[in-house]
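Next up: the structures, one after another.
Below, subunit A partners subunit B and then partners subunit C, in two separate complexes.
This part shows the complex of A and B:
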């Protein structure tokens, strides 16, 4: 039978084919198993290097408009000096209001009256936040222009907040933005080409006013918000533009697009805007970065002025801003609140300068952009929802940035599985050899305390939830030494855990710290890879913060070393609590805007580091 | 938790679950956590309420194509006021009690499998209660008021009583023979009645009938995985099995017919409800996304291939029954366990309760854990699926940034994790019979080292 002619005979070694198969499989597995440490390191390096390469011009590509219906910049605009005059007129009235220290109510009443005079149906909305952030209240003014062409099933929003986004709403007024919206509402009333209802919203405050208005518009109840019902409503809002014009004139238009909780608008919207703005003659930038970064001054000139290096530095700066807005979940402006309701929105930020542009260019750009989105037959859906903008006209597709965090997460997963397998084996003397020669060492299986490790993990997450409950309580926020009280409590309380754990260091049971470490690594890896699709910046931050630290934890015999490691992990996990301002801002974002960074940090991130800390001491 | 008395654990879990169910509204569950995974068109509480409303107004609820619950639920509505079905307190109590009963049945199965009596405590009880009551796969559908929770309770009850009805069950030595046999036949009837009821509520019970009946006929529910042999019936006359099987089938069929008649009576002697309730599992009329693998396949399907693939998918489910029951004939409970896994992975309208049931049943077979090949990998895959499903449903339906393919991809991850668990369960269930776990000595040579655990 063996002599029978068989094709590809060299692939079939002699002997039992099943045995050969099993041997082959074992060889393959041991090949991987023996190199898993190298593989892990390689994955970590690949992930971090990839992350560093994201700003480079090799990974990104130029933007393009995907939705054919948009046809940006194909219309003649009618905005002219007459409208600029209107805007100046509104501006002078607004400046009078500012100088006379008008209350929010008076302001919104004035704005509503202007809308009514123009001939729009207009109204105001009072709102007030209760609970921890009691003082936050105000009055929004808004107006609606019913579409002259179709029934108002869909709408577009043009908005301006009373406070500009300069330094996260530090108090700079957005008077010219408001004046632009008012003049624009007067202007569009003359034309019958609108296929959607137009809604003009002048929201009070920085973010809070729009939050109240949007909640009321979509009939959402927020337990700590008392918002007046809206007298006027329209249909589904497709797109929204937020206008921010804090200065006297503008030199560039900046795009701010990150929404709350890391959401992004459809890229077509931003692309159309920057296309139109540049055609109109106004330069566009991402964020407010109009100068070249200066951090590179320490480099020799030849390198500093290299094209690739310059691009990298500029794009890295943009990316850094992006990570700041996205990972923190607070978004980069008022437009971010729209994303929660599936409305594509961005802020056009007029970079303050002494010239050369002003109401004239801005109005033309807004008109043309609005006409572009007026062309849409359905929601923006082509183009990209998952992207990273590195410049106003450059971006990364999902496949070019997502793997960086995933690679790190896979490395952690491999690490976890390796520890899990290692925990199952112990080396001990063979009982068989009774002879004079030294006893054979054999690898024997041992039991792994799975349940204990699981209980500890559930306990840490529960502990994190309690921490969050305390952090967001009114009591904590009413005393100034809150952080100084909470930090020691959260960091010292877990120290009692080792005393609850039965110390059976027998040969037949794996040490609990190994199993806990394995589970901790696997869970962290899962969290990171799942967050990547929701909020890439946050996932990347987690990958950096947890990736190597969690892989490096181990139990040491020295008590002092144990404590040093323990405190290092806790510092990483809950140290941020000591920055009172940051915690306060995160709490404000959670309480008022529903940004889930703070609960996430408390209930997921802190427990993960706490588990790593416990690995070092149990 | 391990040192708590089972009754205390159960009470704690009930309290926790009832509070959760009372405070968390089903709509917030379905919009944040469970979403598409928590209930299917066949088990949705909202559809049930609509059906009852129509029924009370004298409109045939089955004519609209929305209501697909059994008419037995409608018969409930004639006993209870209609407003009670939207009462949060009533629903909280109903679903918590159903899950508590299921958890109790799970403990019962474990005790009987250990050779204990139903009322005797064991050290594993508390853990089993926690595995069932605090399992997110079980409580999310319960919070969303999916009637699949009631189905699970029904099924576990049937299996518990089937275990009790086994041939020479525990206590047979001390008590009077006639008392024992009457008790046994009572358990048997309860089990069969619940099975018939469950067949009415959910057609997939047909696949679980053979192992459950084998369980009733077998000698005892104890673990025989380590010593496989032929099927050992519990009857006196070991040679013939035909009569007991026929008697068992006849009794089940009697209950089933009675329930069918009752159902027809409820809806006014019609039979139109059968196509709407039982038929839905075979014809897949409603393609609302669910965590199973059918819906997307059939949304993409050209209409003229539909009947063929419906047949293929249905027969595919049936294919497993005989091999699994034959291979595990020495331990029918294990065969039942494997088949619940197959159903949770491949059934037409699954909800999270189905993988939840499979997961919870793992707790009854600790003897195979040692032989599992990749438990952590299976667990992590399930964890990924469990976390990604609500996330991708969210990206698709409320974010608007994802689409149906995202969600379907995660249901495939879920199916993979189900498949991994199944393959491992089969492997471990068979591997245990070979015995011994290998060790490796210094020179890399394998040798048999049996370690005590």
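This part shows the complex of A and C:
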């Protein structure tokens, strides 16, 4: 072959091409290896800056409807003052029930009877949680409309919980939400245009009732839940709306969409809703943020009123709420429980106000949104499942937010690999040196105690599992000083680890702390990058909590410094246990709703910090 | 000349009429029943009897010398299909909606499974195998009824042992008869199926009771279905065309009354009778509750039913029932159940690989009830028979399921057939559960609209009564199987 005729000849130097390739690779690797410390810092800075930039209006974009079948807002709505009258009528009856202190059973019986009078098949479901949360029980009422001509293979749910989501179910009643569902069920029965069955659920309590209903509907068993079998069933549920209307009237409609364990509904559903609501004339907000954020008062006026800054502040507040709901895994409302069964759901929250909107607008919006999802031939599958909403009409695509956490995770991985490589080498005097000249320092390989490090890691995770077991035990929850007992135990017990480790500080074996640190960083990096796609908010929190701290740990010779570092890491890792209320809520979420946060903290997060703490003392 | 012409025409007409009287008979009937939940069930039944005719002996298929077919009332298009493939008995149903047994009771026509269902009895022993003829009749009927019956292929076809006995008789040719059954739940029934249905009637929808078949109203009904049954009895070949619907007068009218009439249900009235109908009757099941008025005055009332004879009448008929008071949905469950038992069938599990099939049957009577339970599934759903669990009132009682026959599915080729007998003690609830696996599908094997999933065929339950033979015996329960491509 004539070399002259090959294109890009200058890229192919003469000689053995394989040899050249190996050389090239080596050169590239050493280039990275020599600069890995700078690279690490650069990645950390890039990651954190990117994270801070997520709320800015430069990264997000406007929402759009991806699924052509949805056609939101293209129908004439028929909900009218007659239906508002019905809703008012139901409301007055519900208020009577409230004033007469009706029990769960009486309430659900009443609601069921209303459904039956409307002509729907209706039933009730008793449920009771056993175990740690023994007192949680209630009765759900639900009804099904077998739509004309439909096989009953698919269904849509319209639900309202008895307690509103105001302050996470603080006891505010969702009477108007329930009245809306009742009036709506009466209204839809007049039409033959529904393409699938409609299910109306009035769940008792805040989250617990719906958890029991959905578990029974899908035939799932939960060991601590005794739920009555459902008398009525329909097909696969495609979409669900939860209606929350705690006030007298409403000024805005708020969107709550985060599900338990960080799941999100298909964005098309939210987009259709906000499109319809705004066309109907009701302003839409994300969450319940209708006013501008006030925290910026310390800024000079000129900066404070800058458009970009204002947007940033407002979107940062939304994002903060999003992180709070998603990272904690508790979801932002009753709709979150549906996501577990791949049902796209969200809550429309009527922001309490003295006006100007009420049943009339809300009914029209629900009707039109239901008609939109009724158009669907398939489950929602276009549009986005991975997104971050910064406002009701702005969102970030996955490519614009995911890299922030990934960059930090990559920096940690580089750090871990660097420590791993460093652990294999030591400088020592050359034995071959003879004569009076100072001994030549050469790099020598040394053994790395992999098994020991792995045992310590497995041990820490096991220790975390035991902590979780204790935390969720009935004994722990029955005594009030539980946290004060458990915290010292969990923080002092690991101090015995160094005494088990053989102290052979020979030159031929790398220090255990280095290997442990390397593994710890690599594992944390892997955990973070996996979690990014499952629950981005949680991954971002982990990246912030673990990124720099875990990279900065090191063994120090001073015992006092060792102990300070150790306690700092443990404070980071298990300090939350001292907030008894928070632990209680996490435990409730885990026990009743199956939220993974508490086991995750105990079995994954705490051991990772514990490993870092051990790096400081062994 | 003119007189001779008239005479010839008279002769022709009379010969035709004579022929009809002796060889072919057409009867039409329409029955109404007011249901407990305010709805009205109506059943059109058009019966054509081909006297002294027999189905084609499949042995003659090879000879290609079939009798010539001259029909006056019987539809030639259908006759040709039946003889071409030597079909002894044929049942085709096209339905939309879910029949609510608990508040509507038994349907007049037992086949109420959603979508298309076709089953036929054929004799073996011809040059063409049964499966070849089954394929032929499927495709021919698909063309005749504009329905996707062609997709009832071998992946959906089963031959259950006991569940579908022939309704008529099987001719004694000394040949074994075999059954082929297939159903297609996602078939949508609409007006393109009604037009060919009407074409099979001698008076089309021009006169007689068929004039009421107004597609706008039929396909707005809560439940509607059409069916074709061809069977042989020693007296001759009988063909029944049925249209069944359940309408909701409370939805279509503005007032809150259960009132119905031809005009309100169908937006049409019967203006003239079908001249070739030997009989034309309307039967109104008189409700046992409330005060009401049936109009016009029926010609006969017998056993709680009002009969109207519309044969050869030139009157305008608008039969109906009127209630003076508004309808109210009954708050409490009725003391006496409409059916001796009720069924609920579901497929649990929201994961992509596993699920649990569950059937809950409640026996509403004192006597022990035995029922034949037939489950057919495409190969995409695989049964784990060892996981069958039977609970009677939450007490494990695996002995209540017996006589299990199971035909294994063959991937990409054959569905599974599961037949068994369930025994229900009086006033008990039996829960039958079985784990299923959802097969991994090849990319091209997903149905169109893959994100919707599959419609699974209904199950069939046939109670075996020792003392009552008057009740139709099939009960169907359908489910949907979301199997999604991610």
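Throughout what follows, the second predicted complex is superposed on the first by the 591 of 618 C-alpha atoms of A that agree within 3 Å, B and C clash if a C-alpha of one lies under 4 Å from a C-alpha of the other, contacts with A are read in each partner's own complex, and residues count from 1 in each chain.
To be clear about the criterion, contacts are C-beta pairs under 8 Å (C-beta built on N, C-alpha and C of every residue); 3 or more make two chains touch, one makes a residue touch a chain.
Source: prediction; values computed, not measured.
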Q | subunit B versus subunit C as contact partner of A:148, first or second or both or neither | A | second
Q. Where does A:25 make contact in the superposed view: on subunit B (first), on subunit C (second), on both, or on neither?
A. neither
Q. After lining up the shared chain so the two structures overlap, which partner does A:379 touch, if you call subunit B first and subunit C second: first, second, both or neither?
A. both
Q.
I'd like to know which partner A:290 touches here: subunit B for first, subunit C for second, both or neither.
A. neither
Q: Answer with first, second, both or neither: which of subunit B and subunit C does A:306 touch in the superposed model?
A: neither
Q. Touch check for A:342: first (subunit B), second (subunit C), both, or neither?
A. both
(Q) Once chain A of both complexes is superposed, is A:248 in touch with subunit B (first), subunit C (second), both, or neither? (A) neither
(Q) Touch test for A:263: subunit B only (first), subunit C only (second), both, or neither? (A) first
Q.
After overlaying the two complexes on chain A, where does the subunit B footprint on subunit A coincide with the subunit C footprint?
A. 342, 379, 381
Q) Inside the complex, what are the residues of subunit C that reach subunit A? A) 37-38, 96-98, 100, 103, 114-115, 185, 219-224, 248, 250-251, 328-331, 344, 346, 348-350, 356, 358, 449-453, 455, 478-480, 482, 484
Q | Touch list for subunit A against partner subunit C, complex | A | 113, 116-119, 121, 146, 148-154, 189-192, 218-220, 233, 235-236, 340-342, 377-379, 381
**Q.** Of subunit A, residues touching subunit B in the complex
**A.** 263-264, 342, 379, 381, 385-386, 413, 417, 420, 430, 440-447, 451, 455, 508, 518, 522-523, 526, 529-530, 533-534
Q: Mind listing the subunit B positions that touch subunit A in their complex?
A: 1-2, 127, 376-377, 380, 383-384, 387-388, 391-392, 395, 398-402, 437, 439-442, 447, 449, 451-453
